Every structure is written in structure tokens, then in C-alpha cells.
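All remarks here apply to the structure that follows.
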């Protein structure tokens, strides 16, 4: 795992811990759903992570994109599959998504290690 | 096909014809990509339509949602699969997507008709 | 309660029932949080409904705006308070929110009925 | 002027009057700027209305689009110019803008009436 | 005041000065309203800052969030109140707001310093 | 050309090359349109770049804003014209655009270099 990714995950964990430590029940429940919604069901976790990535791309959230890329790499998504997710997001979301797509390709390469 | 859906498709076709009749090359090319991007490739058309639906839900575009629902019904997506797409979009996009999710469920039921 | 509002609430209830009848656990849990998050706590329900209204205005979701207006009317929010919520949303969200603000004022008047 | 446009303008005026009658100073000032920002200056009103239209298209606000179309028709924008504004908005904003672009073309035709 | 916050405010002031020095009347007026809209009125400045924060969270603008956090800390908003604003924004805006909520919690802790 | 701008363009070129090297036909075609849509036609490239800038501002995409600023500086847009584009975007998009407008003014000054 590249250094940049390790740091991203550590920062994420540290702040999640801070948030969940506050004991706000609604926030805790939301974080619970945010985990369970991507688990295998009628659709595979793999497909759901692809849905999450596409949503993150068109909503232009770099941290969310990074998170789903890491998941999809572990689930062994192929380059050609990755390209086609990028293409759908680009067409739906327009050129405004391009800076995020650039950073997604950059991270995807780094994740190949 | 329910009457409402037939009308939706006719209106859509009529206006697409008006737009493409204007002979703006960039617009014509865009419409070309907007078709080809959902075709079978490394990912199936079925998966790509699911990606398109999720993007349309979080961007809250009712006409886009309706279009992808019609496609997914023809591709025989099951109710449980449909529910899980809705769940991902709801968690990513928040309660602000609920009115669109309500209308998506309503149309999904009508499409069974 | 004006006829239009009654119909809005009925439609809303009918479709919520359809969605929750599908027994998708993530969706059910989300709907649970969507209710509890507006209840009295460190902040009053009144303040929380104002927060929800402001969020709905800048995200430009008419159904969400309508819902919060109905709640705020029942909580006896005054006209001058209402105006100031509109003003904050208008400044933050820009002129693009004006059509939604117009419809919000129209409904607010009807709710006085 | 087509009937639909006349009605749109009347509704708009009626609700603007309701809003401005409330005497909220911040809202009144905002409406003032919303008028003055499109007047001839270093850029012509014509160019500014084009900017306003493009912004309304990518933010997907039908009422805002309709308003700027009416203005641009009065300023005698040509069909080819109109097409190119649509093309820029489509490329920047993506396929999610297409339903709004369809309705914009429909209204543009009606305004020729 | 933490170093990071001091720097944020200085940068902000410097660029505001640059913008206002250009003497564009519409921009100057907008900045005027952007100040007055948060002042005590029918609603307290405290409530209005909470509205501004919620709007900034669901629109995912880190600089705007930081600004309102600084204001709310000076207005002595309690941790439990802060948590509930975060919860409302999270539910309305969805998981896409989480990276911004993480950074908001981080800054909130620093402001205690 | 300031160092920061040179680096921005290099990074942009490097990642565009990575993306286009993947040979996804839809993405390549999209990038083609994204170039051609800003060329002289019924509207001048100058006007089209202004439209692209306004769209980028209200959609709050810093990289897109930077790109159009560089283009507009080369096309010798005057300061007063620049101010009026900023004013339209600010009014349409609201205070949420201000951080992006601040950074736009900062870059605009640097480009005078």
C-alpha cells in the first residue's frame, strides 16, 4: 500500500473515532448504515462499490472517490472495468468531473504499487 | 407499457429530434457518446445502467431516473436488486434524494403492470 | 389544512408505505434516523426544523421544503422568523434558489388559511 | 408572446410582489442586485444574459432558464448562438442537463411564435 | 486562537480586500448583505450562524464551514449542540458530507485549544 | 507565466495523457468535444470561455476555473469584464461561491505577472 494511501486511511480512522466518540446516536446509526449498505446482498459488494464510486464521481467528492478506489482495487476490478466506470461518470456529470477523474486515474495507478 | 411511460418516451423522442435537427456537431457527438457509454463492454449494459441510475438519483434528475428504470426493467433487474440500488443512493445522497426515490418506487411498480 | 397540503401528505404517506413495505433494512434504518434527527435534544425541534428547511432550500428540493414548512407552521414560527430563514438561504444559495423561495412563500401563505 | 410564457411571467410577478411586500431588507437588496448585475457595463446585457443562462443550465433550474430565454429572445440572439450556449452547458454539466436542454429548446421554439 | 485559524482569517481578509478594492458595485453590495443577513433580528445571530453552517455543510464548502465554526465557537455553542447540527446535515446531505464533517470536527476540537 | 500556473498545466497534461493512453473510446470522444465546444463559431471563443468560466464558478470547480482564467487572460479580457463575470456568478451561485471567487481573483492577479 502506497504511503499516501496509508496516511489517508489513518487520518480517516482517527477522525471517525473522534466523531463516534461523541456518542450522538443518529450519527452512529448513520455510520452503521454507511457500512452495511455496501455488503454482499442481491447485488455483490463489488457492484455496490462501483455504484458508490459513480455517485462519488458525479458528486465530485475526492475523499469518497479515494475510499471506493481502494475497495475496488482489493476486489480486483480490472483496468478496462475501471475505465468504463470513469466513462459513465464523465458523460453523466460532464467536464466538471474531469479534475476528479484525473486524480482518480492517478490514485488508481499508485494502487497498482 | 403504461400510458404515462409511453407519453414520456414520445415527448423525449420528439424533443431529441428537434435538438439533433439543429445540426450542432458538438451536441450530436455528445448524444452519440451518451448512447455508446451504456453498451456492453468490460462491464455489462446491465451494470452500466445501474451506475447511470445511481448517478441520476444522487444528482436528483427525475427524467434521467425514469429513463434508466425503463432500461433496467427491460434488463429484468429484480426487486431486491432495485432496493439495494435505492439504498446506496439514499445513503450517499441523503434524505434530499427521498422525494426522487419515492417517485422511482412508484414508477417501478407501474412498470410491472 | 389546505386541500393541496392534505394531498401532498397523503401521497407522501402512501409512497413511504410502499418503500418501507419492501423490507430493505438499510432503507428502514435511514428513515428511522430521518425522523429522530429532528426531535428535541440539545437543540429544540423548532431549531432543527429551521436547519432542515435551510438545507432543503439551498439544495433546492421543493418536497423537502414543503415538509419543513408544514412542521414549522405547527411549531408556530412567526412571519419575521420565516423571512430571515429565507434571507439566509437566498444569500448562501444565490438567485438559483429564488424559484423555490417563491414557492415557499406561496405555501407559507396557504398554510395560514 | 405565447400563453404559457404570459402565465409564467404573471405568476413570477405575483410572487415577487408577495416576497418584496414582506419588507425584509436583505431580501429586497438581493433582488436589487439580481436586476442590476445583468445591465450593460463592461460586458453587454446580451453577454451577461448568456452567462446567466449557462449558469442556470448547469445548475438545472428550469424557471431560471425560462427567464433568461425570454430575455435572450428579446435581445435577438440567433439560433446558432443559442445552439452553442446549449453545447457549452451540455459539455460542462453532462447528460444530467439534457432534460433541461430539451425543455429549453421547446420554449425557444415557442418564443418564435 | 490556533495558528491555522489565524492564517485562514488573514488570507480571507487579504483577498476580500483585493475583491472589494475593485469597486464593482454589485459585488460590494453582495458582500454587504452577506454580513447583515447573520445579525440579530427576529432570529438570533446564534441561530442564523447555525443555519449558515448547515447550508455550508450540505453544499460542502470547507471554507464556509470553517468561517461559521469560528463564529459559533465565539457564540459559545456547546458540543452537544454542535453534534446535532452535524447530525442534521449528515442526514439531509448524505455520506457525501462525511469528509467535510470530519474536517469540521477536527477544527472544532482545535478551536477549543 | 507564473511558476504555479506552469506546474498546474504540466500536471494537467501529464494526467490527460495517462487518461487518453487508456484508449477508452467514449472518454477520448468526450475530450474531443471538450476542446471543440470552445472554438470560434456563431459565438467567439472569447464569449464561450466566459460561459465556461461562469459555469465553473457556480459549480465550484477550482481547476476548471483556473483553466478558463488562463484562456481568458490570453484572450485579453479586461479587469472590468472579469469583475462582471465574477458578479454574475456570485449572484447566481450565492455566497457559497465566494471562496472560489477569492481564489479566482488571486490567480487573475498572478496572471498579470
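Every chain is named by a letter (A, B, C, D, E and F) in the order it is written, and numbering of its residues begins at 1.
Heads up, the rule we're going with is that contacts are C-beta pairs under 8 Å (C-beta built on N, C-alpha and C of every residue); 3 or more make two chains touch, one makes a residue touch a chain.
Treat the numbers as computed from the prediction; the structure is a model and nothing was measured.
The most distant chain from chain C, with centres taken as the mean of CA atoms, is F. Note that among the pairs B-D, B-E or A-D, B-D reproduces the B-C interface, with over half of its contact pairs the same by residue number.
Distance from chain A peaks, on a Cα-centroid basis, for D.
The geometric centre of chain D is 30 Å away from that of chain E, both derived from CA atoms. Chain A and chain B have Cα centroids lying 23 Å from one another. Across the assembly, chain B contributes residues 26, 30, 33-34, 37, 55-56, 58-59, 64, 83-84, 87, 90-93, 95-96 that each touch 2 or more other chains. Taken as a graph of touching chains, this assembly is complete, with every chain in contact with every other. On the chain C side of its complex with chain E, the touching residues are 33-34, 37-38, 41-43, 47-48, 50-52, 54-59, 64, 78, 80-81, 83-85, 87-89, 91-93. Only residues 12, 15-16, 18-19, 22, 24, 26-27, 30, 34, 55-56, 59, 61-64 of chain C touch chain B when the two sit together in their complex.
Taken together, the chain F residues at the contact with chain C in this complex read 58, 90-97. Contact residues on chain E toward chain A in their complex (touch as defined above): 60, 79, 83-84, 86-87, 90-91, 95-96, 98-99, 101-103, 105-106, 109. Residues 25-26, 29-30, 32-33, 36-37 of chain E touch chain D in their complex.
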